[in-house]
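Chain lettering (A, B, C and D) follows the sequence in which the chains are written, and residue indices restart at 1 in each chain.
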Amino acid sequence: MPRVDPSTPEGARAALTTMWTIRRFEEALEDLYSRGLLHGTNHLSIGQEAVAVGVCGALEEGDLITSTHRGHGHCLAHGADPMRMMAELLGRVDGYCRGRGGSMHIADVDAGNLGANGIVAGSMTIAAGAALSMRMQGRDAVVVCFFGDGAANEGSFHEALNLAGVWGLPVLFLCENNQYGMSMSQDSSTAGGSVAARGAAYGIEGRRIDGNDLDAVHAAAAEAVAGVRAGGGPALLEAVTYRYRGHSKSDRNLYRTLDEIESWRNERDPVDRFEAAAVASGRLTAEDVDAVRAEARDLLRDAVQRAVRSPEPTVDDLDGAAYAGRSTAAVA
Amino acid sequence: MAEVMSTSRAINAAMRVAMAEDPRVFLAGEDIGVYGGAFGVTDGLLGEFGAERVRDTPISEDIIVGMAVGAAITGMRPVIEMQFSDFVVNAMDPLVNQAAKLHFMYGGNVTVPMVLRLPGGGGTGAAEQHSQSLEAWFAHVPGLKVVAPSTPQDAHDLLLASINDPDPVVLVEHKLLYKAEGPVEVRGSLAEVDAAFAGTVPRRTGGDLTIVSYSRGCAVALDAAEALAADGVEATVLDLRSLRPLDLGPVIASVTATGRLLVTHEAPGPVGVGAEVVAGVVGSEAFDHLLVPPVRVTGRDNPMPYAPGLERATIPQVEDVVAAARRLMAEDD
Amino acid sequence: MPRVDPSTPEGARAALTTMWTIRRFEEALEDLYSRGLLHGTNHLSIGQEAVAVGVCGALEEGDLITSTHRGHGHCLAHGADPMRMMAELLGRVDGYCRGRGGSMHIADVDAGNLGANGIVAGSMTIAAGAALSMRMQGRDAVVVCFFGDGAANEGSFHEALNLAGVWGLPVLFLCENNQYGMSMSQDSSTAGGSVAARGAAYGIEGRRIDGNDLDAVHAAAAEAVAGVRAGGGPALLEAVTYRYRGHSKSDRNLYRTLDEIESWRNERDPVDRFEAAAVASGRLTAEDVDAVRAEARDLLRDAVQRAVRSPEPTVDDLDGAAYAGRSTAAVA
Amino acid sequence: MAEVMSTSRAINAAMRVAMAEDPRVFLAGEDIGVYGGAFGVTDGLLGEFGAERVRDTPISEDIIVGMAVGAAITGMRPVIEMQFSDFVVNAMDPLVNQAAKLHFMYGGNVTVPMVLRLPGGGGTGAAEQHSQSLEAWFAHVPGLKVVAPSTPQDAHDLLLASINDPDPVVLVEHKLLYKAEGPVEVRGSLAEVDAAFAGTVPRRTGGDLTIVSYSRGCAVALDAAEALAADGVEATVLDLRSLRPLDLGPVIASVTATGRLLVTHEAPGPVGVGAEVVAGVVGSEAFDHLLVPPVRVTGRDNPMPYAPGLERATIPQVEDVVAAARRLMAEDD
């Protein structure tokens, strides 16, 4: 039974809360960055919330995910504490990685998030291995492997889908197609033009879905996960969505038009759409929506306040930290 | 003639010179076109030379480099950018098993004139997977050449020399140097730069101590030397510039005079370039002139962490070099 | 106009001569090996002759090929001198690589063979680059990239087909499907079960053909090459064939049955089939066939005799050999 | 208890012990099942443990290693074979950016207990792309451990210790050692072998000279030492066994006594493991005891050629080590 069922009032409320939490989280990062409190770079998922929330909501306790450089949404949707994520981004000891990993490398293993990855497609082979592991241990878990449209052109994509295919591994490959890999449009980088269609090359039926429709994402993911869990082998979904912000801090948005961005934001925003759908279907009232928004805002405000109070790691924290066992330093 | 410009502009200018002169030269990499590259190094070149010669690629590092090998052995002169040097891990086959070996393995029947630009190093808060200094690997591989400029002028010249070279050259670029400025004489043509020049050069001279580095390490070394000078310790600072081949002659000569050797670089110490410098020097005639054991000041032996304090602790700082140099001076005078 | 047109008597004779040359070449290697005169390992293409001969015959002067670890057939079919190949395998200075490369690395650049490759799929990205090079130089040439069924599971396959697809490169990807990648059957290693079908993932129409029917291979290759040359972008053919010998010297043939081998050898041998077809269609007489066989035998005998007289390289030959320009040794 | 067996049998026996004891241990690689691996090392294990635990993979090195990382961080203990070490170039991302970094980068929340077996080295006529010794790369990477056995017993024990290790371990196997025989005590369980033992050990002792090597280089070094003994020169031969961490204590102690250091390995010299050994020793208290410059006898600095004479010339031979040792003895007595 999935953790969040948006067709129910409680589920709809939970899903909307998480979508707003993600959006507010990303906005809080922008704010911290502009105030010079955040270093490094980060990749925001504003506009893509329905994919993370729809998919992770369709999972069960014990299911695993692997995430990407644009992973804050996946992480939150899979149950992470915003305070600990924020602490990680601020480089503090209460961060999920004790401040060692930062935005691109948040792992929340207790919740089943095996980790974001700074390497495009880097987590795809790891996801296949985790899926094999679940099967060899007789665990019923499904692994969801998030990846971008750009990642689908890496050799790792191919090797992962092929191995998952021949070994029938319980993994759902979830392409979050926000239509650009940094500056390259999917058309200019992807022969054939479709990630979903590539599934056929591996005997996997790929499906393209509207990634900005939370209900649709949830339904498609739930169906795919059920098939995978039932032993049907890997599945592939391509959720079409859009990122409003630049790829990262260095992006001048020269490769797309403002009109394009505006039209997605104004006409297809996943949060707006879900609020409207949930109210129209009677799952939520307008008051519920207001309450959820306020809740997310307060949650984030609190998370930031607590995160900034977390101490910075000290250099001793590095001693022996590269190894779980006997470290280099111990002998050399 | 020389004008002040940043390292990234100096590299950009070198690409412009080479492309204007030689139609065989073309660029390829991820987001190098309209985006101008993750660090803006190729900015403007798409407009000037068009999409056939400034080629945005899919996110596919293996074929970016393999494609360059195929183009190079059939008459082109590709100049390739890895968006971050860390991603070259996805292209080690075309680089090491192909580019480095084909000329030798095919009995001299092909040449592989390609340049692979690798923006590397830490200090930008990009963490473990976007901050590595991997040059030791390439310096270990016969068939590759590896250069690592520390000044805008050298970045300009070494890129031109590399493009002019019949062999595959890895250009180690440090991300923190991109914005560093210096006087640059923009060359008029590829031929103005002779590849043979890429040997070790002094950046400062002093009789007490020899400090060797390359890439961004030179700036650290120079700052350390200034701090030491305030104490009356005069260091020679040598910039290797080329890591393969490695030109140890000037290092040996300097150590013969000073008796003290300190090597510093950002990459971790074990089996790094510094080990080769030390081993090469002690294996030479300078051995008899060494007063104290040579010392390495290298990156901490862990992946590059994200938190600013940890990152700083992982990268050798001026004070680390100064402290090591002081210990060297204190020993066994 | 292709170099060899097997539908004509002259073309049929030329094609048969090359097929027999390949087979005799491989047999000569077995003989040398068993007499302890050949070191290292080698990968024989006995049984696969129709693919190399059919495809290379369909090319024109100036067209390029890239080859594999099982490349002797490609090399001969693309015009190499058996004496110089044999000298290479014997590690002699008259070898194509001056004895430096051996069986897995023969390049005959003058004839347009950019080289065999010891790395599975290693030449696929190189072929794409060569194709780009031809186009940038305004040359009309087509590049044929030979690769095995096993190679189709490497990430390089994916990146090569994708790039060739988006850039519309003039390359024919020619999968020589001998049904095994060392010991792994295509079924057990290849999700989806077909290399040809993978073309669709890149917008390329892949075709599976009978690789033991020389006429069919030639026709399909000629058509594909014409399309590529006309600017149609990359093409993909999967030629189904079979290797009779073990993968290499260490092979104990435990992964397949003797029956399977025998049935291919007895019922589907490409040389037998072409001889029968050519005689039946009146392109060749039985006497022609006998003459061709004798010719190939004599050619090889002569090649071996001359190759063994070629001197071994001396160590000076290594000086500076790793670099075309100033070598490491010159400075260090 | 000990029986004489080849290195490949000793490795095979270690896999059997580990798999029988620990259900988390499984094998994966190309043709390791019915074929028994390109070098027969996994022969028989498929029959014994079945296809779920002895997994033939497609020819896809990137995912062989990446899959192992994913399995390791979720509770399994994969033991992976690269068919030839040269193909690890296709798997450098999962090895270097993932396996080596995840434990650190994820703040200790995961461990990566995997073993990567790398059959490498030349001498088999397999030429440039199937003969490399790439261990210097891995020894440079924080987060990896690297061991390189020279005897069948060590191959057995180090594999067991590696499987028992919570960190990713690269096991450097030399193809020419597979058939080399020696006495092996097959262990009864994983726990019998303590990872901490993998330090440097003497294979021979002598007071005139310290020869350091690892993997197949130890056999060359020992033969050279015997030849030198015939001349009255007694060498200590030290086997490093572990290249990361590197246990230089015994090397430093020995050089302090002998005053002469020779390091030999098959990989090319520049930025190789030998450089680290030399730099580490001269950076230590042994510095003051060195009578003559340390010397490295390494692979020739070119790709491994095919022709037998050229291949031989590229790999350090016993006579090369002997000649270098004689020069060392002749200097500065």
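The rule we apply is simple: contacts are C-beta pairs under 8 Å (C-beta built on N, C-alpha and C of every residue); 3 or more make two chains touch, one makes a residue touch a chain.
What you see is a predicted model, and the numbers here were worked out from it, not measured in a lab.
Chemist: Using C-alpha centroids, which chain lies at the maximum separation from chain D?
Modeler: Using the mean of the C-alpha atoms as each chain's centre, the farthest one from chain D is A.
Chemist: Count the touching C-beta pairs: is B-C or A-B ahead?
Modeler: B-C
Chemist: Could you grab the centroid distance between chain A and chain C? Build each centroid from C-alpha atoms only and quote it in angstrom.
Modeler: Measuring from centre to centre gives 45 Å for this pair.
Chemist: From the C-alpha centre of chain B to that of chain D, how far is it in Å?
Modeler: 30
Chemist: Which integer distance in Å separates the CA centroid of chain B from that of chain C?
Modeler: 40
Chemist: Averaging over Cα atoms per chain, report the distance between chain A and chain B in Å.
Modeler: Between these chains, centre-to-centre, one finds 36 Å.
Chemist: Multi-chain contacts in chain A: which residues touch at least two other chains?
Modeler: 97, 99-101, 105, 117-119, 122, 153-156, 159, 162-163, 166, 188-190, 321-322, 328-329, 332
Chemist: Among the residues of chain B, which ones contact at least 2 other chains?
Modeler: 57-58, 60, 62, 86, 90, 93, 97, 100, 104-105, 127-129, 142-143, 244, 246, 270, 301-303, 305, in rising order.
Chemist: How about chain B: which of its residues touch chain D in the complex?
Modeler: Residues of chain B touching chain D: 86, 89-90, 92-93, 95-97, 100-101, 104-105, 127-129, 136-137, 139-143, 244, 246, 267-268, 270-276, 278-280, 282-284, 287, 290, 292-296, 301-303, 305.
Chemist: So in the complex, the part of chain D that touches chain C is made up of which residues?
Modeler: Interface residues on the chain D side: 30-31, 33-36, 38-40, 56-62, 86-87, 90, 124-130, 270, 300-303, 305-310, 313-314.
Chemist: Under the stated contact criterion, what part of chain C meets chain A in this complex?
Modeler: These residues of chain C touch chain A: 153-159, 161-166, 188-193, 197-198, 200-204.
Chemist: Spell out the residues on chain A that touch chain D in their complex, using ranges where they run on.
Modeler: Listed in rising order, the residues are 64, 66, 95-101, 105, 107, 109-110, 114-115, 117-119, 122, 124-134, 136-137, 155-156, 159-160, 162-163, 166, 321-332.
Chemist: Using the touch definition from the top, list the residues of chain B that touch chain C in their complex.
Modeler: Per the touch definition, chain B meets chain C at residues 26, 52, 57-58, 60, 62-63, 65-76, 78, 93-94, 97-98, 100, 102-113, 142-143, 145, 165-167, 195-196, 199, 242, 244-248.
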